[in-house]
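Can you keep this structure in mind? I'll have questions shortly.
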Amino acid sequence: MQNERYESGLKKLNEIDGEAGQKVIDALASVSPDLSKYIIEYGFGDIYQRPGLDLKSREIATVAALTALGHCQPQLNVHVHGALNVGCTAKEITETIIQISAYAGFPAAINGMLVAKEVFIERGIIEE
Amino acid sequence: MQNERYESGLKKLNEIDGEAGQKVIDALASVSPDLSKYIIEYGFGDIYQRPGLDLKSREIATVAALTALGHCQPQLNVHVHGALNVGCTAKEITETIIQISAYAGFPAAINGMLVAKEVFIERGIIEE
Amino acid sequence: MQNERYESGLKKLNEIDGEAGQKVIDALASVSPDLSKYIIEYGFGDIYQRPGLDLKSREIATVAALTALGHCQPQLNVHVHGALNVGCTAKEITETIIQISAYAGFPAAINGMLVAKEVFIERGIIEE
Amino acid sequence: MQNERYESGLKKLNEIDGEAGQKVIDALASVSPDLSKYIIEYGFGDIYQRPGLDLKSREIATVAALTALGHCQPQLNVHVHGALNVGCTAKEITETIIQISAYAGFPAAINGMLVAKEVFIERGIIEE
Amino acid sequence: MQNERYESGLKKLNEIDGEAGQKVIDALASVSPDLSKYIIEYGFGDIYQRPGLDLKSREIATVAALTALGHCQPQLNVHVHGALNVGCTAKEITETIIQISAYAGFPAAINGMLVAKEVFIERGIIEE
Amino acid sequence: MQNERYESGLKKLNEIDGEAGQKVIDALASVSPDLSKYIIEYGFGDIYQRPGLDLKSREIATVAALTALGHCQPQLNVHVHGALNVGCTAKEITETIIQISAYAGFPAAINGMLVAKEVFIERGIIEE
C-alpha cells in the first residue's frame, strides 16, 4: 500500500512537475532518498491526489506560498513549471506573484517574478 | 484620480472582504488612516481590479500566502471571509490550507486551519 | 497499510505528546479531520518511527525549530510537553531555547522561553 | 568586567525601555534568568552602548525589523515605548511602520501599527 | 494623476537608489513591467515622498527590515546603495546591521553584513 | 575579562566549527570585525560554554533551527561541519533535517539537505 502511495505519487509528480521534479529527486538520491520518498508519498501521493481543489488552483496556491516565504526559489522554479504544466497561463502566474506583493512585500514579489522570468525564458514564453 | 483609485478600491474591499475589511479600516483610523488609504488604493484599487486572474484564484493565493507566513492570522481571518464571499467553497479553503502543509509545515497549516474554523463557525458553515 | 501508519502514528503521538497532542486532533475534528490524519500518519507514523535519531534529540530539534520560526507557539507548547515526556530535562529545554537566541535573535528566544515557562508551571516544575 | 557589562546594560535598558523592559526581565526570572542576563549584557551592555548610530536611529531600526519579522509583537510593544523614550515622535514611528509595508507587506504593517496604537493609547498620545 | 505618482516616483527612485534601482526595473521589464510600475508608484511615488521621517531614517529602517527578513539580499544591496546615496555613513549602515543581530540572530546579521561589504567594495569605501 | 570571553570563545569556535568558522571571521574582517567579536564572545564564549546541554544536542538544535529558517544556508554549512566535528553522525544530521520537514515544510528540508550533501561530499562521507 505504501508502494501504491509512492507509485501514484511518482506518476503525479511527473505529470505536474515533469523534468524539474525529477531533478529534485535525483539531487537528493545520494544524501537522503527517504526525503524524496516522503515528498513523493505525502506531497504527490496524498495531497495532490485529493479532490476538492483543482490542480490549477493547487499550483496557484503553491506559487503564492513559495513567493511569500521567499527562501524557496528552487522550489518556486519547479512549481512555475508545474503551474504551466497543469494549464495555468503565464499571465495567471505573474498575477499571482503581483498579488503577493501586497501580502509579503515587494522584495518577495520581485524575487519570485525573476524566478518566473527564468522559467518563461527557458520555455520560450518570453525572450530575454 | 487618486480619488478614483480610492473609491473603486473601497468598493472592491467591501465587495470582497465585507464587514471584516471595514473593521481593519476602523481599527487603523485613530493611529494611521494613511495606512488604510494605501491598503485600499494599492491592494483593492490597483491589485484586485486587475484582469488576468479571477477573484477566486486571488483569494486562494492570498489564503495560501497568509497561511504560509504564519504571523498574519487576523488578515487570514479577513481573507477566509473574502474567499467565501467571492465564491470559494469551504472545501476549497481547507484544501488550500492542507496544500500548504507540504510547503510550510504542519504548524502553519494547523494554525491556518483553526482560523478557517472560527470563520466557518461564525458563518454557520460548521458547528463548534 | 495506511491504517498501520495511522495506528502506529496515533500510538506514538500519545506516547510523545500525550494529552496536548490529543487536543490538537480534537480541535481540528470539525474542520479538517484529514489534516489530523496526515499529522498522525506523516509526522508520527513515518518520521517519529525512524531509527537513527533518538526521541530526545528529535524533540530538541523540534523545540529549536519552532522557537526559531516564532509563529508556532501552540505547537511549541505541545513539544515542550513532548520533550519532557520523552525524558528531556527542563534544563535541556531552556538551554535549547537560549541556544536559539544566537541564531534567531532574542525576541524569538524570549517568546519561546515564555511558552516553556507556562508548561513548566502547568507541570509543577517551577512556580509562577 | 562581566558585571560592568551587566550594570551598564541594565542602566541602558531602564533608560531606553523603562518599565516595559523591566517587565520582560521579571517575566523570565522564574524560568531563565540567564536569558535576561544575556539580553541585558549583549543587547544593552554591548550593542546599545556603541557609538556610530544614535539611539533614535537604533530604535527606528528595531521597530522596522520587529514589524517586518511579524512574530515579535510583545517586543515591538517594548520598542515602541523605547522609541518614544529616546525622543522619536509618534509620527516617526508610524512612518517607519508605513515604510515597512512596501518591504514586508500590509499584514505585517497593520499588525505593527496596532501594536503602536496600543502604546500610544497607553501613553495618552491618541485616544481610543 | 497616476502619471504624476509614477513620474515623481521614478525621480525619487533614481535619486535614492540610482543605477541599482534602475537595474531592478530593467530586470522586470520583459516579465512584468506592471510590478515595476507599482514599485515606482507605491514605493517611491507614495511612501518615499511622505514627510515625517527623513530619507536617512527611511533607509536605515529599510536596511534593518531587509537584514532581518533574510531572504531579500538583492534588495538589501540596492538599499545599502540607497542609504549611502541619501547620506548615511558606512558606519551607520554597519551599526544598523549589528543592531539587528540582537533581534534576528547572527546568521541574518552576517549575511546582511556581507551584502554591505560588497557594496562598500564596489564603491571603494573599503578594500577587499 | 572580555578578553577571557573572547579567548575561550575563539577556542570553542575552532574546536566546533574548525576552518568553516574561521572563514566567516575572515570574511567579516574588512567590513565589521566587531560583528565577529560578538559572534565569538556571545555565541561561543557564552552560549557554547554552558553546561546543561551537550555539544551534540546544541549542534542538532542549530541545524534544526537553521534548516527551518531557510535563509541561512552559509551558516547551515558551517554547522553541518560543526555537528560532524562534535561527534554527530551523518545519519543524525539527515534525520534532523527530515524531522524539520514536518515543521517547516519540504522546501526548507530539501534546501537544508542539499547543504548537508555538499558538506558530506567535501568530507568524503558520500560520493557525488
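Order as written gives the chain letters A, B, C, D, E and F; numbering starts at 1 within each chain.
The rule we apply is simple: a contact is a pair of C-beta atoms (placed from the backbone, for glycine too) under 8 Å apart; a residue touches a chain by one contact, two chains touch by 3 or more.
As the structure is a prediction and not an experimental result, all values here were calculated from the model.
Common partners of chain A and chain C, by the touch rule above, are B, D, E, F. Common neighbours of chain A and chain F (chains touching each): B, C, D, E.
With centres defined by CA atoms alone, the chain at the far end from chain B is F. Averaging Cα atoms per chain gives one point for each, and the point farthest from that of chain A is the centre of D. If you lay the C-alpha trace of chain B over that of chain E, the rotation comes to 180 degrees, to the nearest 5. The distance from the centre of chain C to the centre of chain D, each centre being the mean of the chain's C-alpha atoms, comes to 29 Å. Centre to centre, using the average C-alpha position, chain D and chain E are separated by 23 Å. Across the assembly, chain E contributes residues 34, 38-39, 42-43, 50, 66, 69-72, 75, 94, 98, 101-104, 106-108 that each touch 2 or more other chains. Chain contacts here are complete: no pair of chains fails to touch.
Within the complex formed with chain D, the chain B residues making contact are 24, 27-28, 30-32, 34-35, 38-39, 43, 66, 69-72, 74-75. The touching residues of chain F, when paired with chain B in their complex, are 101-108.
Of all residues in chain A, those touching chain E in their complex are 69-71, 94, 97-98, 101, 106-111, 113-114, 116-117, 120, 126-128.
Against chain C, in their complex, chain A makes its touches with residues 1-2, 5, 34, 38, 42, 46, 50.
Interface residues of chain E facing chain D in the complex, by the touch rule stated above, are 39, 42-43, 47, 50, 52-53, 56-58, 60-69, 72, 75, 89, 91-92, 94-96, 98-104.
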